[in-house]
Every structure is written in C-alpha cells, then in structure tokens.
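There are two complexes below, and they share subunit A, which is joined by subunit B in the first and by subunit C in the second.
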Partner chain A sequence: MVKFAVFIVLTIAVAGFGLYALFPAALKPSPGEGRKRWAYLFGIVLTLEALACPFAVLMGWWLPKGVSTYAYDIDLLFYIILVITGVTFIAVGAMFIYILFKYPADPNRKSWYTHGNHKLEMTWTAVPAVLLIVLAFAQIPAWLKVKNLSWLREALQAGEVKPEARFLQVEVTARQWEWRMRYPSTKHMEEWNQDGKVLLNDVRLKMTPRPDDVRRVNELHCVKGQKVLVHLKTLDVIHSFFLPHMRLKQDALPGRTIPVWFEPIEANCFLDGNDWKDGMRLERTVTDKDGKEKGVWVKDDKNIWELACAEYCGARHSLMRGKLFVHDTPEDFLAWLKKAEAEGQQTTVAPEKK
Partner chain B sequence: MSESTTHAVGHEHHEMSFIRKYIFSEDHKIIGIQFLFTGLIMFLLGGLLALGVRTQLGWPGAEIPILGKLLFPGSQGHKMGPDFYNMLFTMHASVMIFFVIIPLLTGAFGNFTIPLMIGAKDMAFPKLNMLSYWFMWPALVIILISFTVDGGAGASGWTSYPTIASSTMPSGFGYRSPAQPGSGIGQILWLCSLIFVGVSSMAGSVNYITTIINLRAAGMTMFRMPLTIWAMFITAILQAFALPVLTVALFLQLLDKTIGTTFFLPPTGLQFGNWTTGPGGGQPLLWQHLFWFYSHPAVYIMILPAMGMVSDVIATFARKPLFGYKPMVLALAGIAGLGFIVWGHHMFQSGMDPRLGTGFMVATIMIALPSAVKVFNWLGTLYQSNIHFTTPMLNALAFVSMFVIGGLSGIFMAATPVDIFIHDTYFIVAHLHYVLFMSSVFGIFAGITFWYPKMFGRLMNERWGKIHFTITFIASNCVFYPMHILGVGGMPRRYFEPGVHFNTWEHLQPINTFISIAALTLGTAQLIFFANFFYSLFWGPKAGRNPWKSNTLEWTAPSPAGHGNFDEPPIVFRGPYEYSVPGVEEDYLPQTAPQPSGVPVHAGH
Partner chain C sequence: MIARCPSGRKYLRIATFFIPALLGCMLLAGCDDAYDVEMLYPPRTDWLVIESLKDVLPTRYDPPGALPVDMLDHPDTTLFGPDQGLLGPKKGRAIIDPRVLKPDQRGELVQALRDVAGRPRLPKIDLNGDKFIVEDKGTRVHIDTLLEKELKLDKKTLAQGSVLYRSQCLHCHGLPGDGRGPTGLWVNPHPRDYRQGIFKFTSSAQTQNRKPRRDDLKGVLMNGIEGTSMPSFTLLKPEEIDALVSYVIHLSIRGEAEFAVLKDLIREKEEGSTEAGEPMIDRIRSKVEELAKLWLEAQKGEIKPVKPPEYKNDQERMESVVRGYKVYMNKDVACAGCHLNFGRDAAFKYDAWGTIVKPRNFFSNMYRGGRKPIEIYWRIAGGINGADMAPFAKNPASITEEEDKQIWDLISFLQILPFPEKRQELKEKHGIVVE
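Presenting the complex of A and B:
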C-alpha cells in the first residue's frame, strides 16, 4: 500500500507537471516559442511507458510464479518476445521523438521532396519478415508440447507406460459456477499402478465413471513431479480451465471432453493436523531423532495456487474459484485420497449425466 | 466556373424541401454527416457504459453516489449486481464496435470523402446510400429498446458465444434463457439489431466499391488516389466478403433462440441446474469460426480507414510527399489479405485442434509485417519535414505512436504458447483498446478535425482542440497501458470483481483503481470535444475552400460543398502528395493545378 501511494503521488506529480508545462504553451498559438512542447508530451508519455515495465517488475506486478514443467518454456518465449518488441518500441519511439524535436515547422526550411526509397523499403520489409518468421516457428515446439500431448500419444501407441512414468487422471467438469472433480479411488489407483494398460485404457475411455470414484468440488489435488491428465468437460456453457501458476488455459466445450495436462514441479500443501493446508512452501527437510525425514513448511502467499474460469460464463464468472493442492509425495496424495474416500458419502453431487 | 453549372446547382437547391435535403437526403455529404452525428451520440452512450464498467472494477462493491440509488434496487443495497455489470461490458463493446467505430469510419468518412476525393458528384447509387443510413435506424432503435426488456440487454459479451448466448428454456417459459437473464429477449434483440447493421454496412460497401471503380474524375488513376480512398476501397472489399458470413451466423443463432433449431447445441445436450436440454445436432465451436471469420476482418475494417485518413493528415501537415506511396497501398492490401486467414487466433484455447493453431499463428505473426511497413513509412514521411502541430496532426501523431504499441502487443497473443497464459486476460483488453481506442478513435478525431471545415464551412477551435487532445492522450495512456501489467499478472477479463476473490490478483487491485480514476478523467475530457464540435458549428471562424493548403480534390470544392460538389468536373494531373515541390513557390500543388512548366513533378501513375 505504501508502494502504491508512492506510485500514485509520482504519477500525479508527473502528470501535473506535464499539464502545467504544456497548457500555458498549448494556449499560445505562436509558432516560435514552445515549438518543441509536443515533442515533450509524446516523449514523456512514451518514456514513462517504456519505464513502466521494469517498474511493474519492481513492484511485483508481474507474471505469477511458474511451477509447471512447461512454465519455463512459456515464460522464456514471453521474455524473448518482450525483448524483441521492447527494443523495437524503444527504437521506433526514439526515432519518432527525435523527428518531433527536430522538424517542427520552420518557415526558413522546405521539406525534403522525396517519394520514398526502394532500397530502404526492401530492407525494412525483409528484416522484420525474417525476424517474424523465425519468431513464429520458434513458438511451435512449446505449443505442441503443451497442447498436443505428444507424450500421451506415444504412450498410447506403445500400448504401455513405464512404472516411473505413471500419471494421474482426473475428470474436471465445469458448470455454472463451480468445478467438479472426479478422482480415481485408491483401489482404482492401485490397478493403474499394477498395470499401465489399465491406465491407458482409462485414457481411451476418458475415465468411465465407476461407483467408487472420489468426487470433490473446487479442489484439484495432484502430486509434485507427476503428470496430471485432466479430462475437461462442461455441463452448460463454455468455461475455461485456467491455472495461472501452471501456465495452463483450456476452454471447456459443451459436448466435448478435452484432454489437458500439466506437471507441477513444486508442492504447496502439507498435512497440518487433520487438514491439508495449502499456501505453504517446503523450506527444507530435517531428519528427526528416529531417522525419519520431515519437511519444514513455511507460509508463503505465492504458493496459494488457484483455478480460475477464463471464459465468460455468466453472473458468477468471477467467483468460479478452485484451489490447487500439489502434494509433496505420492504417499501424501494417497493419504489425502483415502481421507476423501471416507468423506465421500458426505459430498453431495448431482447424478452423472449419461 | 461556367454559368450553366452554377445555375443548375443553385436550381436544385431551391427545389428540395428540408426533409429531402437534410433528413431523407441522397447527398453523400449529408449522409456522411448523419452517420457522424449518430456515431458521436452513440459514442457518448458507449463511453458511459464503459465508465459504469470502470466504476465497478475500480471500487468493487462500493455504493455509487446518486446513480446507484436510481439504477439499483435497495435489495441490492443500491449496488451494481453482476448481471448489470455483464450487460454493461457487453453493450459497451457492441455499441462501440457496431454503432460507433464502424459507422464513423466507413459510414461517416467513407460517405463524406469518397466522392469528394475522387472528384465525383455523388455516390454511384445515391438511393442505396440513403437506404444504408436508414437501415442503421432499426438497429439503433432495437438496441436501445433492448435495455428496457425483461432481463436487460444482451449480456453474453459482444462475441455472444454459444451456449451462454444461444441456449433457451423449453417452450412455455417464453424467451428466457437458462444461462443468465440477459441472454433472453435482450440477446434476441441484439441479434436482430446486428442483422440490420449488417445490411447497412453491406449497402455501403457495395456503393463504395462501385463508386471508386467507376466515378473517378478525369486523370484520377487508381494510383493517384489518396490513401484514404485506397483504405476505404480495401475496407469495402473486406466488408463485402466477410459480412455475409456474420449475417448467416446471426440468423442461425436467431433460429436457435426463437424456433428451437440446434445449430450451436451439441449432441449431448446441456444441463442447467435441475433440467436438461434435449440433444442438439450442432457445435458451439461452429459459431466461433463463423463469428471470427467476420469479426477478425472487422478489426481491420475498424483500423484501415483510420490508417488511410492519418496518412493524408500527416502528408498535409508535414508538408512533404507521403513516403513510399505504393508500399503503403500494398501494405493495406497485405493487411486485408492476411486478415482473412487469421481468424483462428481468437480460438487458440477454444478446443480447436492445436495443429491448426500453428498455421493461424504463423499467418497472424506475419500481419505485423505490413503494419510495420506502414509505421516505417509514416516515420519516413515525417523525417526532414515541416511538422505543423495542428489538432488533426496531433491526433494523427498519437495514432502512429499508439499503433506501434498496439501492434507490438499483438505479437504476444499471436504467439500460441504465450497466448495460453495471456488469453482472455487484461492483456488482450489493453491490446484491443490500443488498436481500437488509441488508434481508431484518435484517427477519428484526426478525421473529424481535418474535414470539419469541409463538412460545415467552419473551423473547430484549435486551442480547445489541443486541450482536449492533451488530456485525452495522457488519460487514455493511463487507462490502457496499465492493463498490460494486469494481463501479465494473469487477471482474467470480464470479471465482476477481478481483484477481490483471488489471492493471485488481489495485489493488482490498486492498479484497477488507478485505471478507473484515469477513465473518469478520460470520459469527462470528451465533453470538451463535444462542446467544441457543437460550438464551432455555429460560431467557429469561417473556413475558406482550403484552410489546410492541402492537395486533394475535396479542397477545391466550396466549404461546405453544395449538391454536386464541384463547380466544374475536376481534372487531375498528378498524385495527391506533391508538397514542397522544388521550384514551385507554394509548398503545395493541388491535384487539379496544371503541371508547372520547367519543374519536374512526380505525376504518379
């Protein structure tokens, strides 16, 4: 709040000074004095905009923490584009401001009579063209990695998954205005662990509902270092499954089940007494007297990871908030699942639509 | 001036009644001015809707003084509810796009400038032209009525995606929508209104194409046309080819909503709370393809005319020939051509096949190329020129500098992996406003202040024009630039309370408040423009034929030009941008001036 107050005061000061400096001048129509005032106006505004970017980083108004395996790829591309567009903006802006300072109307000077320059046109067409094509093709690997699920296609083609590559499947069904999650039961998980073929079969059948499924609302649980395959559905209108910290967004389309995946690289919850508490960060692990390793968790607001709806879906669109719990180990996840199974009867869920 | 022409012109004037002359007029200038007034009034309405949106976003849950008591029932504590908010942002976009920017750019400026700048007496089809304006009226009336109907005006976003927009209750429940109140009758009226706007635009674009091809003055070859006309020509082609697709889509959704067809209802049906729809036979995604097949070209319909106008304004006030005339024309055509094959970039996260997304991405990123060429050529024009900082020129310069930002931010969203994160966040809101407000609207301001003397025979006040420009320029940057930051933070758009319920975005709420303060300033500043506009209509200083010493044909006609435009049919000797020709005493050389002897002047092709 203090930082913000400083920001507001600075902004008002700059804007006030700008207006003070410009207005008396703007009111005078004389061409001589204050010829450069408009260059100053454009110069100040464009410079402030160029500076706003580092300022936002400084204030922490920036990308949320990226905690999935592909968050790095996406952020890297973001920064590459930011640098390219930033340099272009500064270069073009500087040229523009320079021209405004240099060439206000002067009765003693005649404009340069020229209709263009073929070589120049070719250069400033060809150079950006090459740059843009390279930039466009540089996007393709990351895009296909996130959205095309090549790892899953390969596994389906091979017909099996190695034990260490076993992944979790969850069905997420959006509706106005909540997220309904359907998890496998512990028994179901065991079947997956014993035989990768069962796991793949469930991928093909999009996790056909079973009586022992575990259902939760607005709570997405998964395990650090394990891929999660989400079968995304919606009952009513289009919603969008948005996990900002995982850098994942996918619309849910009525009538379709869309597969999406992510793999968290950090955990954010631990068992605090009886409850799983999120918004925690594993600071270090210590070995206690019995030789058992134990994590030391600290509270960290940056580790509150949320699930938001990103496609406009009606009155309570901005209240469609889910929470993401990333467990540290598969055992932790199983412990949670067992508890959820026991609570299962208490969770009220409308019957599945066939 | 020949006696007979003067007589003929004067004669026509006398015979026309007030209604024929100013209301059901077939004169392109009057129709242009009619579009201008309609657009400006709707601009006020759209702006008010935006201020409503900003009030909620800046101070979520706050009681709005005075207005809150009038608009919102006590049961809500005189506070804005989410349904009202959803209606506000939906109607803000719909009004601004379909009733302000498109009618102003193509309707007002297209009508006004085309015959004057190519040296024609009027449009090719004056009656069709009149019809094109009057088809706006049913649209206007319907959209205004929709605010008063049960459930309020459309609230499904200006994109009106099924199934939130298209789903219906079973028969017996009237036209109510199960998804939300605003998707009932309000949505049906929204669809009807847009169909009328479509007819209006289509009539206009056919007329523009025909007029530009057939009615050019003697010597006015295609490559001697001002860029404004090139832009209008290309825009009209875009409209003629893209609009039918939107019209079809609107009719399909209208059928879905009224007689229960299922073009956008999936085979699985839908489940709203306790009841289910029957199975459908269509796809919600179909709408998105049809809608964006029009609405992406529409983005260029909303920027190309402004680009053309700004090119003319810049050449005039820089007193320098436009740098790279032909590359500029090619760039316009390039943007329009690519504009047809990039609609899928609105749908990267929609569930469309990701491999198709890569194709759309490459095409989209390439659009930056002709856009860059245009910016470089504007800079080339300004280089070593004599810049006269008049109000139209300042607005044109704002267009150029702000279009740079709008263009560059587009690359982030075109890049599919980055788009995964910033899609449907405030980043896109920032981007689209940098294009549609900071570019198109500054282009419109430049156009209005530039052609005002030709429209009304009087000049607008320069001093207040500059004050309006300065406040608008600073305030609009304060409104839209910080939205980039919100978007990088991941804040989703169309949220009722974006900075409230999510831990991820709580710390960004102060930025929202800042934006809202700036937005209120921005909105208030527009009153200066309106005051200046209406004051100058009556008390502005009289303008001569050519107050800006510009080259193009309209400045050889009287201000305001009478019916038939020119005293005698103009003959064109060269291109429109021969400023500061060495050896010519004046720093401009109108297109109609005969070639000066002994001076090599670029004649154009």
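Presenting the complex of A and C:
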C-alpha cells in the first residue's frame, strides 16, 4: 500500500522532471510559448496538491477516531483552520496560475509596477491579521479545556471530590526509549474510593512512590468514562506524550512533573481467557439466561490505540511506542490491576509451561 | 552561462531526469533486512579480560566514547583523567591482546568458527560428528538435536533472530555481540558483551559458570533494564522475542568459544610451545560442546525458594524487616562490605568485562534485574555473575530452610529502604537507624 503510494508520487515526479528536461524551451527565457510551460507545470503540481486532500480522506488517511471528551473541540479547531487555510491556498494558487498564463514574458510589452499601492498593502496585512486574531481567540476555550485542568483546581479548592467524580492517577515516566507506568495498588485505589481527600493529597504529592505500587512498561490502562490524571515525567531528554486517539499531546520536560488529563468515552479491550486483548469494539450487550449482561466484542483495527513519542528523542524514537487499553467498567480495570499487582509481587517460581 | 555551453546543458538535462529516476528505483527496490551472504563475523581484536580486576580501584565512571579496556590503545592519554593508566600494569597478565597471534592462526580460527557457528546471514550451532552424542532421559541423542529442542537453536529461528537483531539490537550490542555498537560506547552502563558468556541476571540453579535460562533473557527483553539504556521490547511478537533470545545464545556460545580458544593460543605462544597442537576445528568443537552442555544444564530449572513468605499484616512484615536488617549487618554475610552505607557510599569497581560498575544504592528504588520479590531472591541466592556479587546460598540448587528465611527477610528489608516514611517507622518503633 505504502509502496504503491510512493510509486505513484515518484512516477508523477519523474514524468514531470522528464517533460521538463525534454522541453528545454522551458529553461530558455524566450518570449511567449516557452514561459507558458511553467504555468502548465505549476498548474499540474498545485492541482495535485489540492486534490491530495480529498484523496487522503477517501483513502482513510485522515484523523484517527477521536474518543476522548475533548476530541470534538480539537477536531473542530482543526477543521476551521483547514477550511481557512484551504480556501486561501486555492485562491492564491489560482491567481498565481492565472497570472502566469495571462502575462508570459513579452519583449514588446512595457512593464508596470504595483509597488507602493497603499490600499493593496493595507488589505493584505489586515485580512490575515484579522484571521489570525479570530483563530487566536477561537482556540482559547479548547486550550483551557485540555490544559487548564479546571476540574482538578475546583476539586483542590473545595478539598473534596464527589464519589462519582473520582479519577484515576498514573505516573508515566518517559525515557529513551520506552514508557514506564506506575499505578496505585488495589489497596491504594480503595483508599481513594473511600476518601476523596486521600485522592487529592496524592495529587498534591504527585503520587509519592509506595512499596506496593504496580509498575508496567509501555501499557497504559484506564477506564471508560473516568478521568485519568497523568503525572508526566522524563528521565533523560525531552519526549512528547502523544495519544492520537485522545487528541492529547504534551511534552515531557526533564526535571518537571507535568499533569495532563484525558477522559476516554469508548472501551477498546476485554478479558479474553487470561489476557486483556485490545483492538476490540463493544458492539452490543446481551443478557444471558442468568440475567447477567455480557458484551459482544468484535475485532476492529481502528480500536488499536497507540501511545507514541512525538518529539525526536534519539535513534529509536520511532520505536518508542506504547499501547492504550481502555477498560469497559471500573471492575474490569480493578481485575486487571489485581492481576498486575500479583505479578509484581510474585514470590514463587512460575508454574511449568503450558 | 548554461545557455552558452551546450554540453553543460546536456549534463543538466541528464541529471534532472536520471537522479529522480534512480531515487525512485532505489525506493521501489527497498532494503534487504538480512546481512550479505558472503559476510563473516569479524575476528576478535579487542583486549581479553581473563582475570578479575578486583584490586584496581577506579575513582569515577569512564568517559563516554570508549570502553576502559579499549582506552589501553587510545592515543589520547588524558581522556581518562586521574584514572588514566590504572589498567596499564594489568596488560599481559589479566588483560591480554589477541593481536599478538599470527595472521594465519587467526585466519584459521575465523574459518573454524564459520564452520561451527555459521555467518551473520546463516547462523547455526552445528557440531557434526559422531563424538557428540549425549544421554537424554535414557535415550542417546545428538547434541545438535538437543540444542534445537531445548534451546531453539535451529537454523530457521536463528536466521529470523539475526534479521531482528540487526534492526533492534545491533546499534548498541554490535555485530558479534561485543557491546561495541556505535551507540554502545556512549551509554553507561555499557551494553552487555555476550562473548564472555557471562550474564548478570540468571536464575538457573547451577553452582558455577551459571548460564541464564531462556526465560531470564526473555524477561530482560520484555521488561527492559531500569536505570540502563536497555529499553523494553514488549511490542515485538512472542515468536520474535524467542528468535532474538536464540540468536543471543548463539552469539554468546560463538563468542565464548572464540574467547577461550584465543586465550589458550596466547598462553601456548607465551610458553613457547612449538607443537602444532589440536586442529583448530576440533578445539572449537570441543569448546562449543562444553558450553552447549552448560547452557542445556541451565535450562533444567531455576533456583526454587523453599517456602514463599506470608505476611498476615504490616506488623509481621515489619518484624521480617527487622530480622532482615540483622542479616544485612551480619559480618559473615558482609552485605555492607560492598554496599557501603546501604550502597550510598559504595566504591567503583571493575567487573568481569573490564567495565566500571558500582554496587547498588538501595535508596534509589531502581532494580536492574527486576523488582519482583522472586527476581530479587534469585539475585541474592545465586549472586550476580561477573559483578563480584557472591551467592548467599551455599548451594543454589538446594537452598536450606534457614537460608530461605534469611533471604526473604533480607528482601523485606531491602524493599522498604527507598521509602522515607518506612525508614522513619523503623527508627521510631524498632530503634534502627538507616539514615
């Protein structure tokens, strides 16, 4: 697939360069026809560029599924900016090609200059300025929503979290080239669930390490419909914590612990035998004979959610990836945590191979 | 200029057409992931550390860019600072130079190694010959079959491992697994040199020449090594991890056989023996057989704790911590001899590879060999190979109940050390000051 795309692009490039090399007139500053070839060339390139956008949508090379509470705000901003820049791009391109066609070099024509036209300069300064100011103000609500953590501030000021607003805390430490996660133990979680003050105290202390913490590498687990507060750290260079499906990106800076949050609105994993399997979608729930509700999960590649490093951090930067597991219910998450905890506290040799 | 010179224009035209066309062809062809078929593992040319360097005491870590033993060749004598020249007197006795051998002898060695261990593209461990029949559960089988079955050293797995190793490991661990890849010199601790056949974190119940079990190597690949530059490879498929483990075992067996034979050859040369000695291929074969047996033995089982500890409440756990403190302070056990002031004032040392290490600081909450209690148990009971950490158990294969209890108490004690509030509790309730 990728090779095919590369092939198409290269064929066009090679054909373009070939045409250009075979028509030396294009190089020569001769009057009339020769100059028009430039217009053809730029016309083709610009049209292809403009067509690449709808083509990408058709091929599915577009934004991944947005599954956090603020994904909509981010996407809306993206589309507003895309429309504004897209319209500008097409208008400027069209004008450019039109002028190339209309006025090829002509030794018999006397040139005239627009330099110093006050009105024109005022216009092309004012229009972008207004656009940029509009964008600058339009993005403030989304920025505040993602980066301001107002919900957490409010809770900290009130000194209490409502039971239904309990959130999960995870410490994520980036290093060359992996993500190390530290989760609370089940006991610790229990304390949080019983008393919101303990939870807030841990926010203030940035989750001080405890002997019973649960540690995992490259696996970020959380629960659908529950806020996750990530204490983001790095041990070496600058990394960037990027959850494309959550529309969250935050640089990790050496020496600082940065709080970031997201709230997933869809689950992507379920317990399959002994292991949690991701890349699954909950299609519907059925009630079995005993009156228990059971989810029907189907495989869906769009539900493989990646945690990537988005800041070049060294040779293996491209391989610095993790996986995001969103559990369907808090019980599922606790079950996973319990298993991970037992693994971390293992005191006996592993049982014989299956 | 161009317009006046027709030949210049022609070249320009050719270039504008052919360069993109060439680039396109290269991209379409892609890259081959495997090594070239003709390629051989390079002969070993770096210094061999054959004896412990215990009595050399460095004062700091080595500067980046070269390993301490490689510094013996380095033209800039100021790089190592005050520690420059520390290893100098060890030349010839503890550290020997394989380059003293005649080129034809080294050529023979390369050929012999190629016949037994293959080449980067087609790695193998192949002990053809009727000699190498061993007993296995009452039946007589060829050792090659056993290696394939128990250690997964079959050609297919090794070839897959070789391709993966090239893309994932080579830039630190180097082509023959010498820990001298381009990045390897710049990270500290330096990547493991497999050619010594020594692996630090092993759980096998052997008493000496302990080799790791496949699960140990797998664990390192899956979890990475905290506090070093070894990342986790959890995103590889299980069969890819398996292939990498096989390839690392292959590199280690090959490297250690080369190491041992080089050592013998240099000794013989120094002693001035004029006899031709055994043919090279036989030397390599018998060495590889010896190593294969060690590796096979290591797979038979891990160090098994007698009884896992059960702490009903925090108080029982704390009692275990207090007992652990007493074991730690016991002069016969001598933990504090190296881990001075609980590791905070530990002195630098040279390890078996001639790189500089420091005994663990227990306050750092960093566990290179894994933080699961069972992993700490293995390290205490069996020791850490190559790093001068002695085994606690007299015979790791059968640990006595007494030793077992002491080890679990030690683990309880070590596990609380990184946490200030726990140390405070220890001080207030039990009068034990570890600050």
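Methods note: the second predicted complex is superposed on the first by the 303 of 354 C-alpha atoms of A that agree within 3 Å, B and C clash if a C-alpha of one lies under 4 Å from a C-alpha of the other, contacts with A are read in each partner's own complex, and residues count from 1 in each chain.
Everything below uses one rule, namely that contacts are C-beta pairs under 8 Å (C-beta built on N, C-alpha and C of every residue); 3 or more make two chains touch, one makes a residue touch a chain.
Note that the coordinates shown come from a computational prediction; the quantities given were computed from them, not determined experimentally.
Engineer: Does subunit B (first) or subunit C (second) touch A:210, or do both, or does neither?
Structural biologist: Once the two structures are laid over each other on A, A:210 reaches subunit C alone.
Engineer: Let me test your reading of the model: by the given contact rule, A:304 touches which partner, first (subunit B), second (subunit C), both or neither?
Structural biologist: Touch partner of A:304: subunit B, not subunit C.
Engineer: State whether A:312 touches subunit B only (first), subunit C only (second), both chains, or neither.
Structural biologist: first
Engineer: Report the partner of subunit A that touches more of its residues: subunit B or subunit C.
Structural biologist: The partner that reaches more residues of subunit A in the superposed model: B.
Engineer: Counting only touches as set out at the top, which of subunit B and subunit C does A:253 meet: first, second, both, neither?
Structural biologist: A:253: touches subunit B, not subunit C.
Engineer: In the superposed arrangement, does A:133 touch subunit B (first), subunit C (second), both or neither?
Structural biologist: Only subunit B is touched by A:133; subunit C is not.
Engineer: Touching A:180, do we find subunit B (first), subunit C (second), both, or neither?
Structural biologist: A:180: touches subunit C, not subunit B.
Engineer: Look at A:344 in the shared chain and tell me whether it touches subunit B only, subunit C only, both, or neither; answer first, second, both or neither.
Structural biologist: second
Engineer: Scan A:10 for contacts with subunit B and subunit C and give back first, second, both or neither.
Structural biologist: second
Engineer: Between subunit B (first) and subunit C (second), which does A:60 come into contact with in this model arrangement: first, second, both, or neither?
Structural biologist: In the superposition, A:60 contacts subunit B only.
Engineer: Please write out, lowest number first, the residues of subunit A touched by both subunit B and subunit C across the two complexes.
Structural biologist: After superposing on chain A, subunit A residues 7, 11, 18, 27, 175-176, 315-316, 319, 321 contact both subunit B and subunit C.
Engineer: Going by the contact rule set out above, which residues of subunit C touch subunit A in the complex?
Structural biologist: Result: residues 2-3, 9, 13-14, 16-17, 20-21, 23-24, 27-28, 30, 168, 171, 183, 203, 215, 222-224, 226, 229, 231-232, 234-235, 302-305, 308-309, 365, 371-374, 377, 408, 415-416, 418-419, 422 of subunit C touch subunit A.
Engineer: Which of the residues in subunit B end up touching subunit A in this complex?
Structural biologist: That would be residues 81-83, 86, 156-157, 161-164, 167, 178-180, 265-268, 270-273, 276, 280, 283-285, 318-327, 349-351, 354-355, 357-358, 361-362, 365-366, 368-369, 372-373, 375-377, 379-380, 382-389, 394, 397-398, 400-401, 404-405, 408-409, 411-412, 414-418, 420-421, 423-425, 462-463, 466-467, 470, 473-474, 477-478, 481-482, 485-486, 488-490, 492-498, 500-504, 507-508, 510-511, 514, 577, 579-582, 587, 602 of subunit B.
Engineer: Under the touch definition given earlier, write down the residues of subunit A that touch subunit B in their complex.
Structural biologist: 1, 4, 7-8, 11, 15, 18-19, 22-23, 26-27, 29, 38, 41-42, 45-46, 48-49, 52, 56, 60-64, 73-74, 77-78, 81-82, 84-85, 88-89, 92-93, 95-96, 99-100, 103-106, 109-117, 120-121, 124-125, 128-129, 132-133, 135-137, 139-140, 142-144, 146-148, 175-176, 235-238, 240, 242, 244-245, 247-256, 258, 279, 301, 304-306, 308-319, 321, 353
Engineer: In the complex formed with subunit C, which residues of subunit A make contact?
Structural biologist: Listed in rising order, the residues of subunit A that touch subunit C are 3, 6-7, 10-11, 13-14, 17-18, 20-21, 24, 27-28, 175-178, 180, 209-211, 215, 217-219, 315-316, 319-323, 343-350.
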